[in-house]
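To start, I am sharing the structure in question, which I have written as structure tokens.
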Amino acid sequence: FQDSFAQNESDERALIKVKNGISISKDSLFLLNLRFRMQNRFGFTTASGEDLEIDQVDFRVRRLRLRLDGYVLNPRIQYYIQLGFSKSDLDLESGGYAQPIRDAIVYYYFNPNFYVGFGQSKLPGNRERVVSSGNLQFADRSIANGFFTLDRDFGFFGYYTYQTNGQSQFQLKGSISTGEGRNPSVGDKGLSYTGRIEYLPFGKFKNNGDYSEGDLEFEELPKLSVGMTYNWNENSHRTRGQLGSLLYEGRDMNVFIADAMFKYSGWGVMAEFFKRGSNDPITMNDKGDIKVVFIGIGTNLQL
Amino acid sequence: FQDSFAQNESDERALIKVKNGISISKDSLFLLNLRFRMQNRFGFTTASGEDLEIDQVDFRVRRLRLRLDGYVLNPRIQYYIQLGFSKSDLDLESGGYAQPIRDAIVYYYFNPNFYVGFGQSKLPGNRERVVSSGNLQFADRSIANGFFTLDRDFGFFGYYTYQTNGQSQFQLKGSISTGEGRNPSVGDKGLSYTGRIEYLPFGKFKNNGDYSEGDLEFEELPKLSVGMTYNWNENSHRTRGQLGSLLYEGRDMNVFIADAMFKYSGWGVMAEFFKRGSNDPITMNDKGDIKVVFIGIGTNLQL
Amino acid sequence: FQDSFAQNESDERALIKVKNGISISKDSLFLLNLRFRMQNRFGFTTASGEDLEIDQVDFRVRRLRLRLDGYVLNPRIQYYIQLGFSKSDLDLESGGYAQPIRDAIVYYYFNPNFYVGFGQSKLPGNRERVVSSGNLQFADRSIANGFFTLDRDFGFFGYYTYQTNGQSQFQLKGSISTGEGRNPSVGDKGLSYTGRIEYLPFGKFKNNGDYSEGDLEFEELPKLSVGMTYNWNENSHRTRGQLGSLLYEGRDMNVFIADAMFKYSGWGVMAEFFKRGSNDPITMNDKGDIKVVFIGIGTNLQL
């Protein structure tokens, strides 16, 4: 249901050329792309390896997204809005109320290698999270991603690409955000600080392939991207930082992520390492109930 | 507010030719239709036939729908998405959380007489339910429909039309679905099986008139469609199968529906008969509270 | 992020000419404009004037709106739909469930000076409320507006402009509505009646400037609009009429508003006066808890 020859979507910038969906422009004053994505699911688990009786059926609309992006007044001023309408998109299972907004951000491009954003979008965290769900190899992300990812947050974002004289390049990404995740209420003063550096020793991947899974582009020469993220989240109120149920008290947390993507002639390998820490992960209420920050270590390997 | 000369919408397939709304296509690679429907209501009931003082006022946005349909890659691969935003569309009154998705389904057409679908849509149940709300004769469906209809569900759907050598035709419709209604959570193993057969002894109605109310097309010759549906819903958790409040325990239920539509020179008659059964309709919790499957018989006649 | 040279949006009619957004028409049978508005916010308050440590951070998607308007069949039959998706748009903070519909109304134009509407829209209340959020001088409306505004309601609306032989004109606006605010449930019999008169002694403002803040149009001659609104809300169930938390019992309320807008050569001044009354503002439940209608007086001055 997805045109796999289309340009890879990235959740880190607006898309200016699209091959599917409605696209309307007027000179270089205005551009609006309108697209949607639907993902229906049928899955089941058997009771055990020997007993093949069906135990549980997962049968539902998994993702239904409406995406608007483009620019206004000037191609330097880009925007990106994504709404989600399925039950899991609305974050009802954890959140308690419907939250249709996934992304809502404006970017300003100083030049193609340097742009800044203001709004709600994915933090520059682990690679698998930033890969758009349309470019995943499997229908869902890994379990480690679920526990440790930085997810989306509201704040200021900056992206800078430094091209060396040779073919290698560095990408620097940073964010100052609320640290309370999607659609926070009017917040407290503890913000979240995220920095990420990526090193691509053999140059750019074809068609942003460092942020898609599998090597659909068939790289003729080996391509590698190595990334490291550090996030410091002051006075966060959720068990997994930007995600999870509410803690009884705010806590400072930190997350370290290292990841790599390697692609060569149709093969793609992605590896990720995660570590979340907190100086005092246990919170307690008056009755003695306990809620704990999800600290620990995780890995994710995909080929 | 509805263009009554437009092609009748059916909730059983995507619409490829529309006369209203935005329609965008590119060769035969891609088609997107975007439409919406708004229905505002003003109604009141008097205290009694003698006392004409107004007792209750029903004054609200009854339906507000956004509909996207078309095809991708190939006219054989069609999709149909419908979102609803009004308070009653969101199913808040019974459900407890907002559920904007009404339909989200992909169809594959083997040929014009045989197509299959995967996703969320209306089950091939009683005729009145499948008639799109834009083609109803009255603003609301009947009370019997409310009690017995199969409504929407998530699953696999199949539609086949068998044309005899004469003018008569048979339509076979079937579905295997979750049995838990719109936007279910990750479910249990009890599925729902639906089969329906329709017989049109005098051939096709003009402009799909077997699924619209009233005879706006003015049939010159009498047209008749007779249908029967049987639904078996294993381990369902709601009092009306796909609808209603939660039972204390899952129950098996079955629904039998027979219906007919007759149209001739401006006249339309529709009749429906319903029967829901369950081997053990009463569920009880630890405290002795009781929740009951809505079993029984109903009819609906409209001219 | 807003094109300030575009035609001023009014929340009191559909927009037929738009300079931004998608606009699709077919002869004069059909017109659909599709636009959206995004407003992201970063704000903070310091602990006190001397202690500049940051106390609270307001950092979020403040408004995210999708707007559809145009006409069907005939340019006299216009519609206007506005959906809101941000957390504050959904009215979750006060309401308890998501309410994406802001406006959903159909208008019939007898002539350019006389039109009627049926649906949900802003009541003809105080001037600042009716100014679209894209035409505000500050990002938020005043505190007095928050306490006394009539906000949105569902019902019948009428608008009439009387042009005198001189340059002055009168505008008459009226509404009969549910009195229970956005997306009411099936209601009781107490309706709400609103009447408003505006007097423009020096004629029309450029580009509907009587309903935008600031004088971006640079009026060469002084322009003035003086308005008065009276609203009578029978058996209302919320503390601020169409807004606020639920009262324990219905109460009759009345609101009187007087306002004025003056613009001249780049300067704009707006003043508003409010008074809400109720014969019996205190409601009590069985346990003796109290909920009070927000009665009192307020003013708002802006230059």
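Chains here go by letter, A, B and C, matching the order in which they are written, and residues are numbered from 1 within each.
In this text, a residue touches a chain if its C-beta (ideal position, glycine included) is under 8 Å from a C-beta of that chain, and two chains touch if they have at least 3 such contacts.
The structure presented is a predicted model; accordingly, all values stated were derived computationally and were not measured.
K.L.:
Drawing the touching chains as a network, do you get a line, a ring, a star, a complete graph or other?
P.N.:
Shape = complete; every chain linked to every other.
K.L.:
Quick one: superpose chain A on chain B by CA and send over the rotation angle as a multiple of 5°.
P.N.:
Rounded to 5 degrees, the superposing rotation is 120 degrees.
K.L.:
Averaged over CA atoms, how far is the centre of chain B from the centre of chain C? Could you give it in whole Å?
P.N.:
The separation of the two C-alpha centroids amounts to 37 Å.
K.L.:
Two or more other chains in contact with one residue: find those residues in chain A.
P.N.:
Residues 22, 97-98, 100 of chain A touch two or more partner chains.
K.L.:
Once bound in the complex, which stretches of chain C touch chain B?
P.N.:
Going by the criterion above, the answer is residues 22, 24, 30, 32, 34, 68, 72-73, 77, 79, 81, 83, 97-101, 104-106, 118-120, 154-156, 177-178, 183-189, 191.
K.L.:
Please give the residue numbers of chain C that touch chain A in the complex, ascending.
P.N.:
Per the touch definition, chain C meets chain A at residues 1, 3, 20-22, 34, 36, 38, 40, 42, 44, 53-61, 64, 85-87, 90, 92-93, 97-98, 100.
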